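Each of the next two complexes has subunit A plus one more chain, namely subunit B in the first and subunit C in the second.
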Partner chain A sequence: MSRAIEHILRDLEHIAIRHDSERRVRIDLASEALPALLELLKGRAGFVHLSAISCVDWIDSGEFELVYHLWSYELNTLVSAHIRIPRDPGVYLSVYDLYQPAAFFERDIHEMFGLYFEGSPDMRPFILTEWNGPPPMRKDFDSEAFVNQTFQWETYHPDWLKDLEEQGGGIDKRPEDIR
Partner chain B sequence: MSNEREVIGIHAEAKRGNPLAHVFDELTRFCRARSLFMLHYCTGCGAIELPPAMTSRFDMERLGIQPMVTPRQADILLVTGYVSVKTLKRIILTYEQMSAPKYVIGICSCTVNGGMYWQSYATAKVLKAYLPVDMYIAGCMPRPEAVIAGLRALIDDIEADRAESWKRYYQHYDHYLGNQQSLFGDDWQTPTDILAEAEHYGLLGEHTRGKHTALLERHQRPLEALEMRLRVPEEPE
Partner chain C sequence: MRPENYQAKSHPPSNEYELNFGPNHPGIEGNYALRVKLRGDRVIEARADAGYLHRGFEKLMEGRLWIQNIALVPRICVPDPTPMEVCYSLSVETLCVLEAPERAQWIRVMQLEMSRLAAHLFAFGGHAATTGLYTNMFWGVADRDLILDRFEELTGGRVYSIYNLPGGVRRDVPDGFLERLAALLDYLEARLEDYDNLFFRNQVFIRRARDVGAMTREQALEWGVTGPNLRATGLAFDVRRDDPYLIYDQLEFDVITQQAGDALARNLVRRGELKQSIRILRQIIERLPAVPGPVRVPIPNPLAWNAPAGETYTRVESSKGELAYYVVSTGGDKPYRVQVRGPSAMHAVRVLEKLSVGARLEDVAQIMFSLDACPPEVDR
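Presenting the complex of A and B:
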């Protein structure tokens, strides 16, 4: 099974194929080679199902990692193709022409990470409501500061707590101190 | 007997001379507290405790509480769990469609103060800021016993005429609308005209109008009826 995949991908250069288990294959490759890889997998090995595209923000190395999860109904194998692209400017090619469901995944990643996909049919806002902040899934997005700025907090000082505090007791750590 | 008449007489003065008004009010509240239809808006995980509370194990129906399918026929709005900004819009629309008197119960810690999602960018933390909440049932999540206990407390409140949050929504509409506008933008408008309703029911308070309602009135469009059109395909000749 896995040898079949290696045979199909023999022409591609600079790729690392790792067999995590019998039915899981991880492929690391350069971002330029990804369209060729997807085309080969789809055309030769029946990887017709793009399950998801996931994105990881590696802020320390200044890169986004994109993971394309592909499933083949013939080989019953899950292939994860990992590429890394520079965080700035954060632009990559759409695979919409190969896999049409990619449009939603790319739109979602665009909204959550601010990564732009060239050639994707629709890059409008998707799930977030009334959003005018930075993309929230980026590592440099300060969720706590955003929450403090946007939402209200309930102040909670019941009477029985006042009585306790007068006797020297009370809450050890207040929520405000933990935040 | 004479003593009773005296008691009624005292209230009769307050009730513009109708000796039975007080009795009717009490009877209404008594009946109202024993036939509550509940719209459970299952926003989050707390909803999982409702099926046992509703069905034969804990049996909400023995208290006269039943689930209802539409907001317009419901008395209680049960918000179970975290409220994302997107859901909050729907909750407000639902709440405003309900006919008064209406009661809101917030279940789970998330509706009280964000709960375990306190750091999330997507969830509104304090439900009370956007809607008048009659009762919170805290817990993550509260067991059906706690839900039933909360509902019993609400029943007691209704019977004692203490559950009047729905009036607060009309009387302090500016406050609630301001909080809603801060999340949804200045052009936020619901199909229900709360100001006109408040005026109609005589519930205008000194805090009903303010700068936020002024902002609303500036761009408010009257609700238009949906156009009904029947399209009959022409027969090919």
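Presenting the complex of A and C:
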């Protein structure tokens, strides 16, 4: 099975193929070579199912990692193709013309990470339609700082708690003590 | 006004209008909207509108310990939560090079199939309601409740059991549990005949569901359809059989297929899978007592547990289709990135949009429910 994949991909340069297990193959390659890889895998090895596109924000090295998970119903193998692109400007090519499910994942990544896919059919907001802040899944978006800026903390000291404290009970640890 | 003075107002020649389906709509298991554009009662355009159940799970999980996330993941799909727990646990186990003991694997498969039974009963009960057959919905929900009783006995929780941990399950099955589960399976199997008479052989349902929301196998593959919806187009693919995990390779079951690819076929696949899940559970009841061993491996202190750096893409077959987790670790005590790939992300968005076009208004809810989409999987 996996030999077949290596044979098909023999002409691609700068590509690292690793067999993680019987039905899992990891491929690392340069971002320019990804469309050629996908065309070969889809056209010659039956990788017709794009299971997912994953995005990871590697903020320390200033890169986004994109992982294309492909499944072949003929070879019963899952290939994960890893590429890295610069975090700034954060633009990559859409693979929608090869895999229609890419439309959902690319729209989702655009919304959550701010990465733009050229040629994707729909880049409008989908889940966060009322959100004006930065893309929230980026590592430099701090949820806690955002909450502190946006909302007011209110002291919660209801009567039942006061009664309890008069009897000598109550809350002995507060969240700020634990952190 | 005298009739001879009446002059009709002229409108531009259009009878198109827009209608919002949802976000609170009985045609889907949760808050989800579909904006449909109609000409007469024929849909000419449909746009999915998600986000009503967005709770930011993926971001939340980056801020919590490996073990804490177990309490978050089942909430991503309410009708079928167990695959979420198991898939996340399997991901963490892959990262940590752990393997759950064999007995834990059997117990996990038992829960997965119980959850599949419950989810399918819920799904075609709901579909029946969209065609006006409410009795079936009441029966489906009531019978699902009996399965939840067994979940409660086994795990303490009816819906979110939080019972699977990286490294195994929380505790062994209680005394007498397997006998009670066997009795429940006997009851459910006897009930299937009732469901057939009430629903699957009901001409109201058959005539309403036939040819509604039909897709070919080529379209299904192109659109990324998985699970029962894909099997309804004739492709016998099941992650449990073709990419086996846990102990599914030691169990006997058939992959149910249908050819038509319409709402009727999708329901018939689920009907067939009920029988197969009962068959799998019977094998487990027979063989589990002889499986030795603990139900979990010793794990490090959960509050100071660092998973080795690496990444994994783990997938299981949920009742809706292919469910996968992409988990990245940088060696810390929390995940660096978790992505949830729910099957409904495909079914509820682009597949639903495409299948709705050309359908009549009264069939849109049927198409929604026949795809058995779970909106929180889209929103996460």
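One rule holds in what follows: the second predicted complex is superposed on the first by the 154 of 179 C-alpha atoms of A that agree within 3 Å, B and C clash if a C-alpha of one lies under 4 Å from a C-alpha of the other, contacts with A are read in each partner's own complex, and residues count from 1 in each chain.
Here is the rule we use: a contact is a pair of C-beta atoms (placed from the backbone, for glycine too) under 8 Å apart; a residue touches a chain by one contact, two chains touch by 3 or more.
In this text the structure is predicted, and so the values were computed from the model without any measurement.
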Looking at A:T150, would you say it contacts subunit B, subunit C, both, or neither? Reply first, second, both or neither. first
Tell me which partner A:V67 touches in the superposition: subunit B (first), subunit C (second), both or neither. second
Looking at the overlay, does A:P136 come into contact with subunit B only (first), subunit C only (second), both, or neither? both
Tell me the contact category for A:I17 with respect to subunit B and subunit C: first, second, both or neither. neither
More residues of subunit A in touch with subunit C or with subunit B? C
Which partner chains sit in contact with A:F126 here, subunit B, subunit C, both or neither? Use first/second/both/neither. second
What is the shared patch of subunit A, the residues that subunit B and subunit C both contact? 127-129, 136, 143
Within their complex, state which residues of subunit A touch subunit C. 23-24, 48-52, 54-57, 67, 69, 73, 76, 78, 80, 99-101, 103-104, 108, 112, 126-129, 136-137, 143
Touching residues of subunit A toward subunit B in the complex: what are they? 127-130, 133, 136, 141, 143-144, 146-147, 150-154, 156, 175, 179
In their complex, what parts of subunit B are in touch with subunit A? 84-86, 89, 112-114, 118-122, 124-126, 128-129, 179, 182-185
Sites on subunit C touched by subunit A in the complex: 50-51, 54, 56, 58-59, 63, 221-224, 226, 235, 237, 242-243, 311, 313, 315, 322, 324, 326, 328, 336-337, 339, 341, 345-346, 349-350, 378-379
